[in-house]
Amino acid sequence: MFLTATAAILVVMLMALIRAFLGPTLYDRILAVNMFGTNTVLLIAVVGFLMGRPEFLDIAMVYALVNFISVIAILRYFEYSPPDETVEHK
Amino acid sequence: MNVLGLYNYWVVMVLMMLGFYIVISQGNLIKKIIGLSIFQASVFILYISMAKVAGGTAPILDESISTYSNPLPHVLILTAIVVGVATTALGLALVVRIRESYGTIEEDEIQAQDEEA
Amino acid sequence: MIALALDVGSWILLVAGSFICVTGGVGMLRFPDFFTRIHAAGVTDTLGAGLIFTGLMLQAGLSLVLAKLVMILLFMLFTSPTASHAVAKAALHSGLEPQLDDVDDRSGVDS
Amino acid sequence: MTAVAVVLMRDLFAVVMLTGIYSLLSASFFVVFDAVDVAFTEAAVGAGISTLLMLSTLTLTGRYAKESTQKPWLALAIVTVTGALLIYGTLDMPTIGSASAPIHQHVAPRYLNDSMQEIAVPNVVTSVLASYRGYDTLGESFVIFTAGIGVLALLMVLQRRRASDVDAHGPMHQHLILRIVAKILIPLILLFALYVQFHGDYGPGGGFQAGVIFAAAIILYSMLFGLSAARQTISQPLIFALSAVGVLLYGGVGVACMLLGGNYLDYDALAEDPVAGQHLGILLVELGVGITVASVMIIIFFTFNGRSLSERGRRR
């Protein structure tokens, strides 16, 4: 049953990755990266259970944290760039 | 089985060569640094795949478990990652200084300016 | 008996969570513009993650692991809506507008 | 994988984000391959800090890369040949996961079998890191310290008042929700960093990771409330001092061992009972590493950002 969840999460990660590649605007990419991070958290948690060593949840915690921080960082630096560049090649 | 068992190394090599390719073919200095860090990451993956023992788990001792993966490469890579980021920061700082004195971070433009001077 | 019930419960939660994650992923890929995609991402981030973590909690039993799971879940319930909100706000500020009609020129259905 | 796209894309912002994904992916790989501590570090450092650094450099250098002008064929040829040679080389390597590979024969069994009696720290990675290979780690922390000094030397700007009026309100003052949520989270993150620091003996974690997480919390604060606010909270001379204190603490533990009659970094001498001595030594050393890493990361980030602030001030 953990295997089912792992497979599903991997599929979703792939989808988010494709969106990050295609992503017509920068914001699509940010969103895809965010979603990818969430899925990584889930993946780590589930894999920890799959391998029978659920002590590894600390890592999942760090991932959630890093995910949040990096989204904020991207937004912060992005808002500084001049307005004519904000919407890229539509 | 033998061929499949080496698959991991091949991925490492492909990644490594990608990083290498970025470093030598791209003119943008930031991209070069990113290429370097991809190269670095491929080396990390190489070490970690070597450390794996089939059927083993992470090297945190517990009475109920008997096989562990090799902890030594983990230690080496752990420190290497942190040192890697420190050196990356140093490289980026150099890039910033180059940008300030040349006004560009493209390699060929920098070279052109050097030849003028 | 209780163990069995817990197992079945976590099974159901995990499968439901996985299903919702996949749904969110499909939405991420197929929805036509950015603001609809936020919805898809939000579904995965909150409901999918919540269900999967609850399923894992049922497996964990009363231990430190359970506490950690609860903390991660709370953390994610805190941060991911905040992050989505911030992204949406920034996008709106930068002049990206929701697509209102069925104009098909900018759709992401090209995969 | 993601790296392919990195080659192709010219918008550097997108490239940096993909690098973030790439390091998340490799960290998941590390978890699958049992390297929990490494995954921990890679998550915090690779995905967090280095993305941040790249982003702050980009604000200084501009966003778009030029189309590459030179012919890539030569480069491609070199790369292909080298890659083919390397892959040929792998054919002799032992299969992944085979327990009889030479790498598993030398010191690893000793670490795994004896460290419980000698050190009594369940996380072998920690015990190898801080005790068996203490010299290496001492060197690493010096390297990090030096890198921090190097960045400072390259990018240090003299403190002027001019910079502070640029972000009087803090850069993200319009994101009210973000600021409030972050205010709640930052103490929790700091607490979590301490937990990682001192729980490193029993689970994944340790000085390097804790330092990075600690620095991440401070960086989050300075991103949301402005650099000058963060500098008021944590004064810069204090961080400079701390980064040196961390390294000195590490070195000092070694000297203390010598004074107490052991070899350099031989923690057995620190207490009556060798095992307790090892515990104490590892704890102190990890603390030293943590302090160094955290303060160096904060220094690097502050310097980069102070630079971009003064740049912007100059342009006005």
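Residue numbering begins at 1 within each chain, and the chains themselves are lettered A, B, C and D in the order written.
Assume contacts are C-beta pairs under 8 Å (C-beta built on N, C-alpha and C of every residue); 3 or more make two chains touch, one makes a residue touch a chain.
No experiment lies behind these values; they were computed from the predicted model shown.
The chain with its C-alpha centre at the largest distance from the centre of chain D is C.
In this structure, the chain pairs B-D and A-C differ in their number of contacting C-beta pairs, and the larger number is found at B-D. The distance from the centre of chain A to the centre of chain B, with each centre set as the mean of the Cα atoms, comes to 21 Å.
If you average the Cα atoms of chain A and of chain C, the two centres end up 11 Å apart.
Averaged C-alpha coordinates put the centre of chain C at 29 Å from the centre of chain D. Annotation for chain A: residues 30, 55-56, 58, 61, 65, 67-68, 72, 75, 78-79 touch two or more other chains. Residue positions of chain B touching 2 or more other chains: 57-58, 60.
Contact of a single residue of chain D with at least two other chains is seen at positions 36, 58, 178, 185, 203-204. The residues of chain A lying in touch with chain D in their complex are 17, 20-21, 23, 26, 29-30, 33, 36-37, 40, 43-44, 47-48, 55-56, 58-59, 61-63, 65-70, 72-81, 85, 88.
Across the complex, chain D meets chain C through its residues 174-175, 177-178, 181, 184-185, 188.
Those residues of chain A that touch chain C in the shared complex are 1-2, 4-5, 7-9, 11-12, 14-16, 18-19, 22, 24-25, 27-28, 30-32, 34-35, 38-39, 41-42, 45-46, 49, 54-55, 57-58, 60-61, 64-65, 67-68, 71-72, 75, 78-79, 83, 86-87, 90.
Touching chain B in their complex are the following residues of chain D: 1, 3-4, 6-7, 12, 15-16, 19, 22-23, 26, 29-30, 33-38, 41-42, 45-46, 49-50, 53-54, 57-58, 60-62, 65-66, 68-70, 72, 75-76, 78-80, 82-83, 86-87, 90-91, 93, 95-99, 101, 103-104, 107-108, 111-112, 115-116, 122-125, 128-129, 133, 136-137, 140, 143-144, 147-148, 150-151, 154-155, 202-204, 208, 212, 293, 296, 300, 303-304, 307. Listed in rising order, the residues of chain C touching chain A in the complex are 10-11, 14-15, 17-19, 21-22, 24-26, 28-29, 34, 37-38, 41, 44-45, 48-49, 52-53, 55-56, 59-60, 65, 68-69, 71-72, 75-76, 79-80, 82-84, 86-87, 90-91, 93-96, 106, 108, 110-111.
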